[in-house]
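Each in structure tokens, the structures are laid out below.
Common to both upcoming complexes is chain A, partnered first by chain B, then by chain C.
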Partner chain A sequence: MNHDRFTAIRLKGINLKNNAKISIIQGQFYPQYFILPAFLLYAALFILPSLLGIVYSLTDWNIYRNAINFIGLDNFKEILATSSYRLIIGNTFFFALVTTFFKILIGLILALVLNENLRTRHVLRTIFYLPVVMSPLVIGLVFISIFNPTRGLLNQALRGIGLDSFTRQWLADAGTAMPVVMGVEIWRLSGYCMVIFLAGLQLIPQNLYEVASIDGAGAWHSFMNITLPFLRPSITMNLILNIIWGLKAFDIIFILTKGGPGHRSEVISVSVFDEYSSGRYGFATALGVVIFVLTSVIAFVVLRMLNKREVDFV
Partner chain B sequence: MRKLKQSLLVIALLAVSAWSFAAGKTEEKAVAAPAADKNITLTIAASQNWLKEIDREISKDFTAETGIKIDIQVNPDDQYPAILQTKMNTGETPDIFYYSAGLTLKKLPLDKVLDLSQEPWAKRMKDWAVKGSTIDGRLVALNLWSVDGWAFVYNTALFDKLGLKAPTNYSELLAVCETIKKNGVVPIYELVGDMWHTPLYLNQAAADASMNNPGLYEKLNTNKAKFAEIKEFQLCVSRMKEMADKGYLGETYMSNTWTNAIEAVGTGKYAMFFGYTSWQNEVARDYPQSGANNFKMFPSPLGVEGTAKSFATSAGGTVALINKDSKNVEAAKKYFEYRTRPEVLKKYYDQRADLNSNPSFPEVEAKPTVGLSSISKQVNNNFLADAQAGVLFYDLMPIGEEMQSMFAGVITPEQALKNIDAYRAKIGKSAGITGF
Partner chain C sequence: MKPKVIKRIILESVVWITSLVVLVPFFMVLLNSLKDLAGANKMMLSFPEKFHWENYIKVIKEGNLVRSFLNSLLIAVFSVGLSVLGSSLAAYVLSRKKSKFNRGMYYFFLIGLVAPLNMVTVIKSMQFFRIMNTYHGIILLYAALLLPFSIFLYYGFIDSVPRSLDESAFMDGARPFTVYFRILFPLLKPVTVTVGVLNFMNAWNDFMTPLYVLNRSAKWPMTLAIYNFYGRRVSEWNLVFADIVITILPVIILYIVGQKYLVSGMTSGAIKG
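Coming up: the complex of A and B.
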């Protein structure tokens, strides 16, 4: 069988190949109306609010006046014309790209190491995954304490080893605020990527490594030609999810720096909160639409690019 | 066996969660008492630092007398306005909610707030309290606060030891700071990171500017004047930056917090703090050896070229409003009536050392601090309304954000003022105010 050109789907013990154009939705196994309850719920809780949000983003809805007036694209024009918002959009992309890269890299390294037959691998997997399940609020408060310039653990440790010149006001310095926030986010979610990669690693047939070893392939060749291709679905999933999370990041940044100093660590979600607090609901919604559009476009493009190159392993 | 252990662990976790939830839910509920209104629960919302233990104690007494339960809901300081606005927009407005007095009240949908003009206690409230709670001729709030202002509180013992006198102008302030710094003490404790504090200096500058330019607030409120064009504001922000650059705010002013201010001054690490007139009482309470009861104050000279001649005061701190659409309006009125009884007011202000320098009702004796007396003498009782009291959209957090950018070196003082003007312009335009 040629495994390169299609993906096999297992359903109740029956193999269906998508190049034969048989799909579940054609009703051969489930009636179409089975999807209605879930779709209605999804539409009510996601599609409808999203559409309403787009409508409100075209208005001057605010707390100061009862009347809501249609103003077209004025909110979006203001976003693009204001240098601080352009900086914030740039910050958002930067945050998403850098954190995604390092989360995937560190998650992959952890997965490769913890996939080996170590006696403590289960404990270590739990330890590295723990930050994922901790509340971002708790993490933020702990790191605020760690980064405190006078009594924080980091600066105290640096002073203790004679590196006083390396101490900083980590969260209040325009040059370090964003890197610090990104570092905390990477620390927090690398464990999630690790778990996804671990799941992917379990599905790689081990006989391929044996065959490659017999043929004289080294560790690097095995990794590049066996592990990575089979991990593409996991990489795709991690890439999509982390880009989306990065573009929508709010809690950690808000707790640590509130986007300061000088908007240097501010991302779109924090701006949405600030504008909402100022009572400019229409404008805040427009910023939300910007995130929605950016996230959707980027996620769609990345998904299309990577899905073509996935490896079938049946 | 393994499955049994796992099941027991899950059951234990669920039990702990359920217990925590139940315990948390009942924390703010007062004990019910047999009375006609025992089925009513009044919800009261406020910022977390506005309500103290005495408020809870008085609420319990109220419940014991009337049977009406009180559910106090507090929120983080910087998020309370947004949370309150959300609740008001979703029809979940609390029965009673606190807010800042003065023009800031205009940010609320005042058509949903009860008119309290005819309440029996309204005529007893002091004039400044009525003024700060009245919008468009309607008394919309009860003031249980104090009119106060912000100025430099200084350690008099340290000043005496170093042979210093309270500065009356900016040059003298610089000289005092230099002397203090040379003696190993940080001159001023500042908290730029908290954002709401640095705009308070501009509050004083606004009062100075209004004294030199009659009608200035009206011009600012119709966009006929801008912050960036006012000399007093220009002086104030550039001097604040200069003092930071000279090291007079210490090394950690960007990340200092409000909660550590008392310790900073009480332990003698810092010599001065820009605080309100009764702040020294709190220092004296926590650090009796500091001599804080004898601390004095002087007005900020940052916005004037010569001698500081005025003391900027607020519109009355924070006030309590009643939701007009509440199902428990009568109960809420009863609560306000209870809180304004002379004996209850006395009990309240006795426990609020931060507010008893000028209580909102005449039945309670004012206990001005040494600081307030010293500043009153210095400015010959020339108390003027500050920016928060008289200028529309003088919102501390957005303005503080620009000040933070200035201190971080991201923007210049001039750009900070222009950004404040831009912020006010966009809010004014949204509100449909003439001129914006």
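Coming up: the complex of A and C.
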């Protein structure tokens, strides 16, 4: 079909203008070199570092020696053999999965409510989306002050309502550091999920609900059988993106706790920075490869799982 | 009043009360940025007794914020320009000429949406290209990082622009660059605004990249400057908050002005799944 069209154009071109027929060949219409600037930039500063990452992860490259030696999988063996790194890898998963779950849950509730015919729904959407456009660094600093043990808003509020026993050193307490960091991440990005769900909700034909209510279906029944199936693409998108972002998260955790206390809230990307700062470049690179592999595998598995489920339902 | 109306009012009030979870931190920052040191260190949600606008002047001077603000602006604007130009040109050909090679190339770019960047070897590569610790270095890096999502957005949009428009221009003997800049690019305005707003915010808000690749304080963007200022003045929250207000102000203005485009960009793809 494409070919036919071009033949037609070519004929027309010859009739219309003689000098146009030279440039009518498809290659000159849409020259391949238009891709070149993007390709070069992307290859030099994204693909090259990624490939170099795999190479250097097999070396003992560090700041103290000039020579770089090939050491096979030793870096990866060290990562797996060190209990703190096993904890950190576990934390990375835990952080990504828990925050994704709550962001999607809260985002869905917000979207459903703000899809109702509320008079101020547009203002409210703007408010709930606001944290998404803020720098995670700024959000981190603001929450450092909120969680400040003596003067912070949270402990002050708890004292104010007589719950003194609940006050904590939120960011320095081994039991609360990780939940608090996850809470801030959920606060920051639930609005993103909300917007994706709101877009999905607009695609549901309203007459489906009318038909369902004539058939005597309750609100819960309509939600399970109409809303949820229609939102499946939005759920997929939110799951994939949030898991990927969760696995890569750095700023918020780095600012709030630096991974402390005692690695309790540390994730891999924070360790990469620590190892890099202490000059163990090869090892830091190996940790980078671990995030790379985890992210790719999980993104792939989640996509496969969701696609399979979709087929089952159809 | 009808029960339906009452139900709506109750629901609306509940949502507004919930929105305080988002709004209170912002109020706290704004109120305390205008208090004196003693007042701000109490960190209450009270109104300032006297407006201390001089906090802003002080923080701009001591935090070297004029310089950092211009750094951020320079880095963000050029990253946006480069990424918009590179991605729209590439997406144009990738979308118009869907050969096997170009399809492969599109997926090759999309890898960048998923795969995390290895910062240590990014530094190694930037040293190799002799662009570490330079403005153009971080601009090129941002442009590279912003390409995948920008190409994704442009690709989808260009698919929906009728081919007949560019083809009839070719009929008249126009050259590819002329067709692209005169005819196609103006039609891409909505998606260009989306890509522009998103990329500007990403570059403006980013903290990790300059932390790794800009070591000289003279080139620091706002995020690094504020982090450094906080490190030096931990206990002076009134100044830190004033610094925060200055940092987020451009983003908030851009958000309110470009909200429509921002949301359409965020949601494209979610619909197709």
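One rule holds in what follows: the second predicted complex is superposed on the first by the 262 of 314 C-alpha atoms of A that agree within 3 Å, B and C clash if a C-alpha of one lies under 4 Å from a C-alpha of the other, contacts with A are read in each partner's own complex, and residues count from 1 in each chain.
Everything that follows uses one rule, which is that a contact is a pair of C-beta atoms (placed from the backbone, for glycine too) under 8 Å apart; a residue touches a chain by one contact, two chains touch by 3 or more.
Treat the numbers as computed from the prediction; the structure is a model and nothing was measured.
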For this session: Return first, second, both or neither, reflecting whether A:Tyr276 touches chain B, chain C, both chains, or no partner chain.
Result: both
For this session: State whether A:Phe230 touches chain B only (first), chain C only (second), both chains, or neither.
Result: neither
Exercise. Is A:Asp60 touching the first partner chain B, the second partner chain C, both, or neither of them?
Worked result: first
Exercise. Taking the superposition as given, does A:Ala172 touch the first partner, chain B, the second, chain C, both, or neither?
Worked result: first
Exercise. Does chain A have more residues touched by chain B or by chain C?
Worked result: C
Exercise. Touching A:Tyr30 in the superposition: chain B (first), chain C (second), both, neither?
Worked result: second
For this session: Would you check which partner chain A:Leu118 touches, where first means chain B only, second means chain C only, and both and neither mean what they say?
Result: second
Exercise. After lining up the shared chain so the two structures overlap, which partner does A:Trp187 touch, if you call chain B first and chain C second: first, second, both or neither?
Worked result: second
For this session: Considering only touches as defined above, state whether A:Gly260 meets chain B (first), chain C (second), both or neither.
Result: first
Exercise. Of the partners chain B and chain C, which touch A:Phe102 in the superposed model: first, second, both, neither?
Worked result: neither
For this session: Name the residues of chain A shared by its contacts with chain B and its contacts with chain C.
Result: 148, 273, 276
For this session: Show which residues of chain A lie in contact with chain B when the two form their complex.
Result: 60, 62-66, 78, 148-150, 169, 171-174, 258, 260-264, 273-274, 276-280, 283
Problem set entry | For the chain C and chain A complex, residues of the former touching the latter | 8, 11-12, 15-16, 19, 21-26, 28-29, 41-45, 82, 85-87, 89-90, 92-94, 96-97, 102, 105, 109, 112, 114-122, 124-126, 129, 140-141, 143-145, 147-148, 151, 166-167, 170-173, 175-176, 180, 201, 204-208, 211-212, 223, 226-227, 230, 237, 240-241, 244, 247-248, 251-252, 254-256, 259, 262-263, 266-267, 269-273
Seminar exercise, completed: The residues of chain B that touch chain A in their complex are 78-79, 81-82, 85, 89, 106-107, 109, 192-193, 195, 251-252, 254-255, 395, 397-398, 401, 404-405, 407-411, 426-427, 430-432
Exercise. So in the complex, which bits of chain A are touching chain C?
Worked result: 9, 12-13, 16-17, 19-20, 23-24, 26, 28-32, 34-35, 37-39, 41-42, 44-46, 48-50, 52-53, 56, 113-114, 116-120, 124, 126-131, 133-138, 141-143, 145-146, 148, 151-153, 156, 187, 191-192, 195-196, 198-200, 203, 232-234, 236-238, 244, 247-248, 250-251, 254-255, 269, 272-273, 276, 281, 284-285, 288-289, 291-292, 295-296, 299
